[in-house]
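What follows is a set of structures for review.
The same chain A turns up in both complexes below, where it pairs with chain B and then with chain C.
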Partner chain A sequence: MKSAGSLYFAGVDLGSTMTKVVIIDGDGVIRARVETHTGAEHRRLANRVMEQALKQAELPFEEITYVIATGYGRINVPFADRQITELTCHARGVTSLFPSARTALDIGGQDAKGLKIKDGKLTNFVMNDKCAAGTGRFLEVIAKTLGLKLEELGDISLKSQNRVNISNTCTIFAQQEVISRLSEGVPVEDIVAGLHEAIASRAVGMLRRLGIEGDVVFTGGVAKNKGVVRAVQENLGHQVLVPDDPLISGALGAALLGKEIAFKSLEKGEPLPKKERRLAEATFYK
Partner chain B sequence: MVMSEMETGLDRARAIYQDRTRRARELKAEGKQVIGYFDIYPVLEMLTALDLVPYRILGDMNEPITKADACLPTVVCPFIRSVMDLGLKGRYDFLDGVVMAHGCEVAEKTAHIWRTYLNPAYAHFIDTPHTTHTAALEQHKELLKDFKKTLEAFAGKELTLEKLRQAIEVHNEQRLLVRELYDLRKPDPPLISGTETLQVLVALASLPVTEGNELLRQVIRQAHERRDGPRIQPARLLLWGSIIDNTAIIDLIESLGANVVMDDTSLGSRAYFPLVEQTGDPLDGLANRYLVALKSPRTFRETVLTKTKRKDYLADLENRFSYLKDYAQEWKVNGVILEVLRYCDIHGYEVPGLKDYLDHIDLPSIYLEHDYSQAALAQLRTRVQAFLEVIG
Partner chain C sequence: MAYFMGIDIGSGTSKGVVTRDGEVLAYHLLPSGANYRAAAEKLRAELLAKAKLSSQDIAYTVATGQGSASVPYSDGQVTDIRCCARGISKIFPSARTVIDVQAQSSQVIRLGERGQVVNFVVSEKCAAGSGRFLEVIANVLQVELEDIGPLSLKSKRPVAFTTGCAVFGESEAISRVAEGNAKEDILAGVHQALADKISTLVERVGLEKDCTISGGGALDIGLVRSIEEKLSLKLLVPPQPQLVTALGAAIMAEEMAA
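For the complex of A and B:
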């Protein structure tokens, strides 16, 4: 039998905006991590992201003991052994990054999630996935309206001296409000800071519904935006923990859960509950 | 009715579920009169006693709402909007009349809008009281007398006490058979799936009561005899909520590793479990059953005071929801799905208290709100799956 270190596990997180793959070994050491834009066409081509990760880890696909797919596109990934929701995977990933975490906020491209965690496990959650308001997509649309790059928003908002109130967190209405503020001559940084506040107050409200306990971890693409992080902290009244790479907690959690499932089966001497898998295109849209 | 020898009860239930107006149209062609009804408050025994076929008016999650917005606001219950939409599109054009009751404010307004826009030959509205006080019960009985009068005028014959007693008998028989149907869900694995149960319930709402009883007996026999019923799943769930008349939600839940083994919804146990007591004046038993015994959040129940005449939140919750604890124990439930149609205030306002109660008795629950559209259900998949992972 192989030693734990020579077993490998992959987590594939197919988000609405970004696809993330993490490969770990049996000791939990990260051997590869790839993040790339999902895009309309690329959702189908998650296998290519997996191939990149395999190349980075210098491993053939057959060497991967267990693959778990998560995220909005987790269904019908032909190279995964099992699918687990991003909520459970994030909870696991966040705990491995910050063992003290009891509450997590994840704001991705398409939804916002609040998680309650105990002993490394998800115990409760709340989700906003009905509209783009308060998500990364909201920031993308607004950045475009302002003629800015998404990644510039954070630094720009930190220059704000007089944040405006953006009353609408409906993406379309907020876009109109931004245009009207611009025409009033309000500086861009004050508008952007107002948008960040709108996202943060909405997200923290969602977390409060869930009940905030212990350290709060903030993950997802939106956690890369320093302006939103600051606004979330102001709304919470305390610091949040943000991983160096806020995007990977879901994929990392998926890989770790894969490892735990595999080790449990090995301990019991049971065969791994595996599917016949092919490193092929996803059939999500067929 | 001639039933194919080969057709099993479950096949027949599914066929009626898939084409629920067919049997009603057949009966109509045979000269029967079919009366549509909204919700669970119209007293069906009176229809049956006069040989009128009761037919429950339901919505259609697969039909986009395109016509109802002309006469109903868009920010009200999407089920009722769907019902009105189907009415305007002629889906219920075979009905000879309608009987509606004050299920909720939107249903009440829609009853009048239905009458105005569709002008049925017979339309009666029962303004069912919202409390269970003695005065409300007396008022309810008077309202049922009015209903009886208009129905007799429409049918052109008298509704005799004897006929009414017989109708109560046969409806009670259906209620007991539905309990037997629900008993099939108690073993692990259940002998009938949540999806199959709902198909039977929708069929019952589309058939004359005696045909429904025949169908129930067939289904119960088949479920006991067959070997290919549901399999054991990690979760056994109770589904609480407003109305579920489409199997899509239950299919979704059951496809994710759960058996839906019990419900408290207005097409399920809530509509059938309470029996009508045979009283000297049958109207007393009927008035009581349809106002007091039916447990729906649309009816206000007085807060129970403690011995020292104080309000006690937990005691009040216990009074309102302990029947769900009983269901959970009897059906060995390990999770509850609180399903609410968007804009359903009646059920929405019930959720915080109910959630507190379920937390108090350590029964995990998840709140799902949806738009009554099959296309939009995929959004619920992640939540349900994550809930099952949490309780698993």
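For the complex of A and C:
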């Protein structure tokens, strides 16, 4: 039998906006991580991102003991052995990054989630995936209106001296409001800071409904935005923990759960419930 | 001879009506643009020219709508809810429920036997309940606004929208186009989504017949049919649904001057 260190596990997090793949070894050490934009063709993409991760880890696909898919597009990962919801995977990933975490905020491309975690397990959650306001999509739409790149927003907002209050919740109405403020000559940084405050106050309101306990971890693509992180901290009244790479907690959690499932089977001497899988291109467009 | 003016500065379109003894002498519509004050001034000039009157001939002007505070020549302001109720009662005295679908909001008003406002509910926080949702999707499909209604009536299999958000709806429409769905089926799906939202507003105020529809949304025959189907009734549609609130404002002007 192979030693634990030479077993490998992959987590594939197919989000609405970004796809993330993490490969870990049997000791839980990250061997590869890849992040890329999710296109319209999930299945073909999942396959391509996995190949990139394998190349980074210098492993053939057959060496991967177990593959867990998670995220909004998890059913579109034809080579996964099992699907697990992103909430469970996030809770696992967040706990491995910050063992002290009891509350997690994840703001992704099309949703925002609040998680309560105890002993590494998810105990409760709240979620908004019904409305673009309060998600990364809100920032994306407004960045486009302002002619800015998404990744520029954070630094720009930190220059603000006089934050604007954005009165509309709806992304579409806020977009118009931003155009009006621009035409009034309001500096861009004050507008962007106002948008960050809008998204942060919604997120913290969501967390308060859930009940904030212990250390708060902030993950998801929006956690890369320093302006939003600052606004979230101001709303909470204390610091939040942000991983070096806020995007991978779901994929990392998926890989870790895969490892745990596999080790449990090995301990009992049972065969792993593997699917017949192939790393082939699949597409639903002819 | 006394003349009265009703000015309705909406978020999308500005509407104006000149009346005498409750009868419409002239009306005009123009885009509100970014400057409501300029729109209001231009609207008055056009109305006076059409009615062949000067500003001194107007005894009283009531302003209403989102930009009602930006009408420098108004003698009074009245909410668009009251003006809409007054206008629809003038056109359809039997009306007890009005569905007013505007560019950026929808509202449903319950009327009493004398046309007075008994109850109302407004949806203005979210673009998905308003004409704006249609505008967003029409833009994706590259369909002119006035073509939406007739085109959607050709739909055989309306596409079901899984989201209630106009921003997510836009992405969904793009996906449906990529999958090869016909424009008319996507538009019919938007109409159903809007009709669902509007029918929950109707439920909240309580439906009583006759039920009427006003505002720019009433120009969209596909939306009208979808709401009729959802509520299982026939809607009374005024000949110029966008002017209802401005007409109501002019009638209020006559009453306020008396």
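Keep in mind that, in the parts below, the second predicted complex is superposed on the first by the 275 of 286 C-alpha atoms of A that agree within 3 Å, B and C clash if a C-alpha of one lies under 4 Å from a C-alpha of the other, contacts with A are read in each partner's own complex, and residues count from 1 in each chain.
One rule holds for everything that comes next: contacts are C-beta pairs under 8 Å (C-beta built on N, C-alpha and C of every residue); 3 or more make two chains touch, one makes a residue touch a chain.
Because the structure is predicted, anything quoted here is derived from the model rather than measured.
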Next item on the list: Check chain A with both chain B and chain C modelled on it and let me know: fit or clash.
Entry: clash
Next item on the list: May I ask you to decide whether A:Ala132 touches chain B, chain C, both, or neither, giving the answer as first, second, both or neither?
Entry: second
Notebook entry, point to check: Looking at the overlay, does A:Val29 come into contact with chain B only (first), chain C only (second), both, or neither?
Noted result: neither
Next item on the list: Return first, second, both or neither, reflecting whether A:Tyr72 touches chain B, chain C, both chains, or no partner chain.
Entry: first
Note to self: Going by the contact rule set out at the top, does A:Ser183 touch chain B (first), chain C (second), both, or neither?
What the structure shows: second
Notebook entry, point to check: A:Thr123 contacts which: chain B (first), chain C (second), both, neither?
Noted result: first
Next item on the list: Answer with first, second, both or neither: which of chain B and chain C does A:Cys170 touch in the superposed model?
Entry: second
Notebook entry, point to check: If you stack the two complexes on chain A, which partner ends up touching A:Gln110: first (chain B), second (chain C), both, or neither?
Noted result: second
Check: Once the complexes are superposed, what residues of chain A are shared between the chain B interface and the chain C interface?
Finding: 130
Notebook entry, point to check: In the complex formed with chain C, which residues of chain A make contact?
Noted result: 40, 110, 130-132, 137-138, 141, 168-173, 180, 183, 285
Next item on the list: In the complex, go through chain A and note every residue touching chain B.
Entry: 72, 84-88, 121-125, 127, 129-130
Note to self: Quick check on the complex: what are the chain B residues that touch chain A?
What the structure shows: 379, 382-383, 385-386, 389-390
Item checked: Contact set on chain C toward chain A in their complex -> 34, 104, 125-128, 132, 136, 163-168, 175, 178
